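Going by the order they are written in, the chains are A, B, C, D, E and F; count residues from 1 in each one.
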């Protein structure tokens, strides 16, 4: 029995609430159970300096947590004066994941910034952020298409979504909440496209090394979860 | 006619959604029209070093804006590495305002941190933050009372709420939205208690100096608005 | 009897020493009793980037305290690596106050930076700074007029000065020194023009909320003080 | 044919030079071809505050690059004033990897800091750093054993080493140099123990998603490379 | 003929104004011509952590320049967020120079911080700072002696003063102003005690290397200047 | 007898290893006994903004120490977020020293950055850095000459090298190691050209002031040492 009372391959209830931020070109409040992430997509007129001669656009992401999104209040990042290694690592991952399904050439010298801010955390914030950011990006690209700036389906080549897996008490489980994550022997995050290609895989042994067989079980489980997330994304944007 | 189509003394629709953050001891999503602020109250075991010999507790506040809470995306504060003068000024104001209705001695060496994070901004974020933080604080103190840590009504002596007023095209108006705020000749924020005492008053001439008579009109208008906010707070916490 | 032995409406002795900094286009050492602030006005060829398309000049202020201007030595701001919230709040106030009496269009794309550095503090540093900065600005504008850059009286529309008031032991008093400030129930700062218009009003309840009647008494008292300061400014610049 | 002229599964020449830093308790200059990393292990009397009540020791890592370790000179990190996201990500990985083969309880309240400084970079700096840090750690633990502080083989449970793999022009290759890394479709880093357990796996699609079959080929290739690195570690410390 | 119209070995007019800062235990406004430095000596109850086990007191110095002390306004150090290399170099020099004439054991676990803030700069700010700091320190130690904390003459073993020399157009000159300093071939600062011992010597070739003979001429010139400064210090503190 | 067992005027064994960093235009690992400094010379296409209108090139230096180059591990500078006063002082000295033998006009608008990173420290890191940086600079200029960018011998007018001297137990000694440096009464660093001109002299009394005669002895000793270093530089670059 999982700590979360869920079956091994059972995900939390997932929802997407679009148009949650009136100023943003695209936005989505994504919930994976008690993990709530507000994703906005902002169209910027300018791209970063180091991209200027590449004749293409750019997609980047930033990630943050509200101070009391967590069980114990965290120090506000603007007060500590810098983003932690964990935050930088996550926002780099979100950016890479979304860029994997975007044709940057087709973006025409524009930049889109995906802000993923965790309002409430209960494990899996990075996977929820990637999955929700796709919806915000979709809406931002629709907004641009309505203004004849781009063709959305030329820019956005596929879905992308992410899910965590782990091994807890020797049982492989899907979509860990905080409590499960804290007691996992092995912890892995998977990012895949709608067509099933792997975009990113990050597996870490927390208490003991894991085997290739175990990794294989986790990938199969993740693939099913991501397939379900992509279906939900499709329902959300129709 | 106001830019917002409202009558001169008409406030925006105001709502309080309690228990919005599952980890916080008290929380409230306050909305003044399209201005949405997530307020959490976090109980901390420790008080700041400079308060330790005072034999009392402490209340402090922090304020932030999500990058795309505004019309143009703002730089993330954790990236710029410091809080702006405006942010520091607002969070000092929120802290002073709430401390004005709290008996710090009765808090018994504990600290409560009020985090006010703007999810969406349309003018009046500081007044919404103060008004919503009171609700989050109320709930945090109830939580403490349930655990026999304090007597809530000994700690919390009164309500406190805040509202903005301004003069736009020579007309005094209440509860300015962003557009009105940007075109105001005079801009003032008032913080008052449930009993009607003034806790804080900040008036600024934006384009031309104002007179004592004009100030007096604004105070009267603000008093009515704050009276209404306190009634709504009462309804919210019953 | 006041802690300072002064009558309720009696200000400290005020003096302005002009041309105190040989490099600056305008400068003034202003003293409100034991509060000494060195104000310089520096003409800059460039205005801030965000003002460039506005076809006008700009006035801004910076404020600082020498480490041993205070009773206990303060940490040097260059060492702590940032300006405190209090410092940022004060320098924003000084800038707004001086801009209230300046026609920025008439400044012709130039920027003037007003540096107010507290050499010795005994309460009321911000009010002394505003009052002295006006003199430094006047001299800077005269310097510019001598070089046919502007017409001083087109740029500088009026005087501006500031004074603090407060309620100590239920007695309203004018121009608080540090000791009085530390024991005030209510503390307010007023900025007014030579013609008597209110530019800025900031009132804070330190120990108990105050009433509109008390505020009114303080405004009347402040008006007299500021009238006197403006007379002294006039004498200083003849 | 690889850009490096090596066979697909051929690693660069690898060497370990021990005792390279006279002050450190353990040190190793590790070379993977033209990638040179100076690893030192420093015994610290104190462990981080958040570890103090855990009744165990701690191992952490820091990573840096000399400004001209790279083809174009990089800005010195001490000048830019912070560590980049990439640097933080790598040093977190090094720390996790080494902790995976250490019994922290057996370290007895001590901390060991592994500093990995890249003197010259040509791809694979993180894998060289992990592999070399193991040697520096081994020597540090021997130093401690000689002083009766610990039993080295109780603390250090196994070898750990790391290697990169990637797919370049559809060919899976092992131990990429900079040029190969820059043109890889898929890029993966593997950390494994001497017994063959997986400690960390990080795979990223650079230009197109990859399949589970491709990942499987890379794991097999990595396993052989890490087996070879562990043999070389054994030769180095006899 | 010197740029300053002075004779080669002629110093600027030097003055010391004591008790210039009412809060400080010792203070002195020192003027070397148009170079004005406000020096305060602050007694601190605590010494730096790294000095705690040395069973002695500590003297340290901090140095700063007001933004408009210079011909062109400098960026405020609190805004730039750090002290420049030049500032750090100077304050280290001031601290070393004063410690050279102090018996730290006799200070009894106390720390004195010497703040040297340049109100107006015209070359030689560091030499003026050292020379004036000695007076502020003297007064601080007298203050402590009056309170039976120390014996001043046991702590302060000698005078210390400093002067600059340089070679301009092949002529050795004493006490350079800014204009002379900017055109010097060789620039040197000397710190000596009342008894004539050298505490610090810093000579730099600006345009061409200098010879031992030239250095010797400068030392002789400096010795006379410092002898004169020590006489003035004696007159100042009687 | 010296702590290092060397004769008073005996230097440590000195070596230069060129071409140590494959990416750099010039590089040199210099060793003064156990002090090892990796010096690289990097050609930059751009010069600093403040040099742009001077119609010349620029040479600058940066200095750093690896965390475990020292007996006790130092905090990594990139982590502390700034360079210490000592580091800034040393890198300014290195830059001045090298510029003293360079014709910046002949550099043709290019900048060369000399990075001096201490791999292992045992006293005299700044003198080793200057001496080794000359070799790296020489090789960088040769690299430029091969590409017809400059004439090396027009740019590089002379050798420059540096050595430390000190007085330990009243005995003047040359080239102090860490232990000797820590116990010196007087500590001095000298930078001279191949022709024997003095570029920089820095003498500090550590425990007691020193006399002109003592300084003279140190200069003579330093001159011999630097003469030897220049001979070794010549042998290194043939």
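Rule of thumb we're sticking to: contacts are C-beta pairs under 8 Å (C-beta built on N, C-alpha and C of every residue); 3 or more make two chains touch, one makes a residue touch a chain.
For clarity, every value in this text was computed on a predicted model and none was experimentally measured.
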What are the mutual neighbours of chain B and chain D in this structure? A
The E-F interface: which of D-F, B-C or A-B repeats it, judged by over half of the contact pairs being the same residue numbers? B-C
Where the centre means the average of the CA atoms, what chain is farthest from chain B? F
Please work out the Cα centroid separation of chain A and chain D, and write it as a whole number of Å. 28
Compute the distance, rounded to whole Å, between the mean C-alpha positions of chain B and chain E. 51
On a C-alpha centroid basis, what's the spacing between chain A and chain E, in Å? 59
Shared-interface residues of chain D (touching two or more other chains) are 82-83
Quick one: do these chains touch in a line, a ring, a star, all-to-all (complete), or other? ring
If you go round the ring from chain B to chain C and onward, which chains do you meet, in order? B, C, E, F, D, A
Residue ranges of chain F in contact with chain D within the complex: 21-24, 27, 34, 38, 40, 42, 44, 62, 64, 66-71, 73, 76-83, 87, 113, 115, 117, 119-122
List of chain C residues in touch with chain B within their complex: 82-86, 88-89, 91-92, 96, 100, 188, 192-193, 195, 197-205, 208-212, 215-216, 219
